[in-house]
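One chain, chain A, appears in both complexes that follow, with chain B as partner in the first and chain C in the second.
Now for the complex of A and B:
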């Protein structure tokens, strides 16, 4: 088994066979995470550097734990305590790190395309851990794994992504990945949060969340980025909750099985109610566990063997 | 790479008789089934293990605990490969602490798979004993590993391989000596 891709920069253009291989391997790693000793020697002797140019808690911790479970050696780098503060360029910083002979790079950066740029001047597998508002492929993969675990398939199911699509890297990676795997994707949110021309990606935009809840098998609720609220995207958080929030009242009307997801961190009482987040429909904590398994699978498949 | 069958060494009946003998040897050496569990190594070891367990159940009239171990993540040749073998789920749904684990595989050759299996097994707990049962020992060990129970010994030449087929995976039971033909 080997992937056709050398780096994981996004899910745009990643073939179905690669996604299937990653998900299948991730399910095997889930079993490793449930053993008394949750560690395997598969990446012994490999060095991975986690380059975080933007703050992140869960993604960084998830990658770090995945690397440790595979017995890789880890270097953690965060921009705020580095020579970037002294004006060093990204290229120089990375080339200095690579001179220390690393095999893999996990990068989070605020600029779309930063991960791709790295691949042009490094000889290591690059994994995009979020590049601005562009892509966040491992989050989408863990979402797909969680859906598959719950529903058994990704083929021909209705997945709704609700919220701030425009500023979300999670949404874009989810759209690419889910479409490749044969799911139907619906988007829902205020017009200011829906990118112009998004329908060209093969998705349907719905304005009414109650209509979404009627047809969806899965609802992936995105975080309202409170830090953007001063910029007039939505009139108020209260109004957002009333029109697009996944509230207990809305959920109570649904009499069938629904899968509710959220990539975190959640604004409880805004885009999702606490009762909904903790209901039997919610698989939010499964997503966190699957995140470690998916990242183990990606690291293992990209770094495990010898390069051809 | 292609394979040409040179010789069929054992058929279904012959394999069945061999597994019956292995089962009796396991029971004799362990003086019964007290604390005994069976773990098969994927892929074909799993099915040999299931047959051993079924025979023990018939002879002793008890239900055996049986697990399956995938050793890909523990192999020492991963970093040398361009293609990574498919990782599958291990399934050992019971405690192995203080148990006698009979590890079952179809063929033993270099001993590297067994070494990987021993590493994998101790990540599940601390067995009192680990024993190794194989259907075929083809010689050529690169590690100091010696099975406790051997179905048949088949020393084969360089360029030849031993293939064990089981109905569940291959549609037929049989042990074959094959010649590996490099067509490139």
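Now for the complex of A and C:
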């Protein structure tokens, strides 16, 4: 099995066959993760660099575990630099690393397009682990895997993404991936959080969360960054919770079973209630496990590993 | 490109001279002695002691004028100097340029204006400084416009920044009437712009890039037209980019407001779609807009709403462009590619008469900014640009004489090639002819 793409920079334009191949491979790696010995030699002799220009605990850990499970050699690089130096150090750092002959680069950066920029400087396969408010493709892939695991399909299901769409790197990747796989995508949040012209991506925007809950099979709740309140995007967290929070009361009114997701970290009591996050509807912890499997699949397929 | 002193006795033979009055190109010979035009006739014959330039098939136009360049000196000589900027100008056919005051220190006083004139005295082009509207370009207190104008500043602008405070802008406009110089307006409301790095639209949404909405420009244009109407000052809107802004300017002109406007070649040729590849060479201020805006800009050019084409030549070193869009500097160089882009995209593709384009880069800037540049007339200093409007060429790195090469146009096939500029008793010779 191989992919038509050389790098995973985002899900915009990635063909259905590639997404299917990644998900299928991820499901087979999920089985590996359930075994007593969770390691396979698939990427033995390959070197992967984790380049994190922005702090991230979950994504970084998830990639690192995935790489270790595949027996790859790992180099970790963290940088927290500001302004112009950030851009310079990106190119310089990458050229240094390139000189060490690596096979794959996982990059997290605060600026959209950083992963794409990297592909201009290196020969290695580049995996975008989040570039600012642009894309976070492995998160969307793990979300899709989790939905598929729960509902058996992605075709024709209704997925609602609720919250700060504008500043999210998760939303765009989810929109691109889900649309490619035939799902219907709904967005819900305050108008200040809805990006201009997002409907052109083939999604519907709804203002009323109760209406969303009526039609959704899956609700993907996004984190509200508290600093947005200070910038005037929302008048208060209190009003946000009242209008858009996935509260227990709201969920209790829904007779159907819903699948509830959250990419984490959660603001409990703001965008989601603890009771909801921990309810039988929630698959939040499955997402975490599937994250490792999906990242193993992406690394394996892009770095040309050998099956066990 | 070679730049040399013009020979003492020169005959420009067989060229097609631009005739704006009759909107035509007429084959004429031009005799130049000691840098001055002595004779213009259908045919002039001279002896062996004349240097004869056979310009068969070439057009002779008044020297091109660019009212909006950044030559970065002093302060950012790593990006451009007055000298390298001059070469870039000559390569593009420009004999006169206005340099913007966002240098370090900024051109916000008479001494700095003097400095620019002194530094450019020996250069083959005329460099006219535009001085800042406000001290330090901080948008708070107006500069000593009267003294600055006396020393030769052609206009006032805080280009690169909007004068956000409307009272300061009102006072600047009122005061500018004292010296009869235009206020050149960088019209982008900073608060609405909100650090946006490209046009706000479905394209910025798809790319996850922070948008700079068209309305930030439109509100700024609206406010400053209102202030120009109120104060009676002359306002020149720099680098117009949106359809609505064109409409506002058109309406204001019809009402008799003293407003003029310019557009850049890159805003006429590129749309926001250029950003899809995350190439920072497409990051400019104001940003590249959409197709509808481009159409409106071209309409504005055609009907005279937009008076001037100016490059906003903005050199930046490679390291500030070989980075992410957020981190990258704003602006692209424009002098060397401007004429080719205009002939290719406006004259060739859209059938806009060449003479209309020449008006926007010669006589219109001359009139609007009251530039002491000369046309093609007997008794005047020879100041001409000579070009072949039918020659196709590829714009390459080697065609760039600027210190920087931040342009998305490298590799483009262009129609219309500049061959010579004669100015200040110099002649530039392209293609090492």
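The rule is short, and it goes like this: the second predicted complex is superposed on the first by the 295 of 308 C-alpha atoms of A that agree within 3 Å, B and C clash if a C-alpha of one lies under 4 Å from a C-alpha of the other, contacts with A are read in each partner's own complex, and residues count from 1 in each chain.
FYI, a contact is a pair of C-beta atoms (placed from the backbone, for glycine too) under 8 Å apart; a residue touches a chain by one contact, two chains touch by 3 or more.
All values reported here derive from a predicted model rather than from experimental measurement.
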Touching partner for A:65 - first (chain B), second (chain C), both, neither: neither
Chain B versus chain C as contact partner of A:40, first or second or both or neither: first
Partner chain in contact with A:2 - chain B first, chain C second, else both or neither: first
Contacts of A:90 with chain B and chain C, given as first, second, both or neither: second
Which of chain B and chain C A:31 touches, first, second, both or neither: first
Chain B versus chain C as contact partner of A:117, first or second or both or neither: second
Partner chain(s) touched by A:151 [first = chain B, second = chain C, both, neither]: neither
Touching partner for A:201 - first (chain B), second (chain C), both, neither: second
Complex contact set, residues of chain C against chain A: 200-211, 213, 277-278, 319-320, 322-328
Interface residues, chain A side, partner chain C - complex: 12, 83-84, 86-88, 90-91, 109-114, 116-117, 131-135, 169, 172, 195-198, 200-201
In the complex with chain A, residue positions of chain B that touch it: 70, 73-74, 78-91, 119-120, 122-125
Chain A residues within the chain B interface of the complex: 1-2, 24-25, 27-29, 31-32, 35-37, 39-42, 45-46, 300-301, 304-308
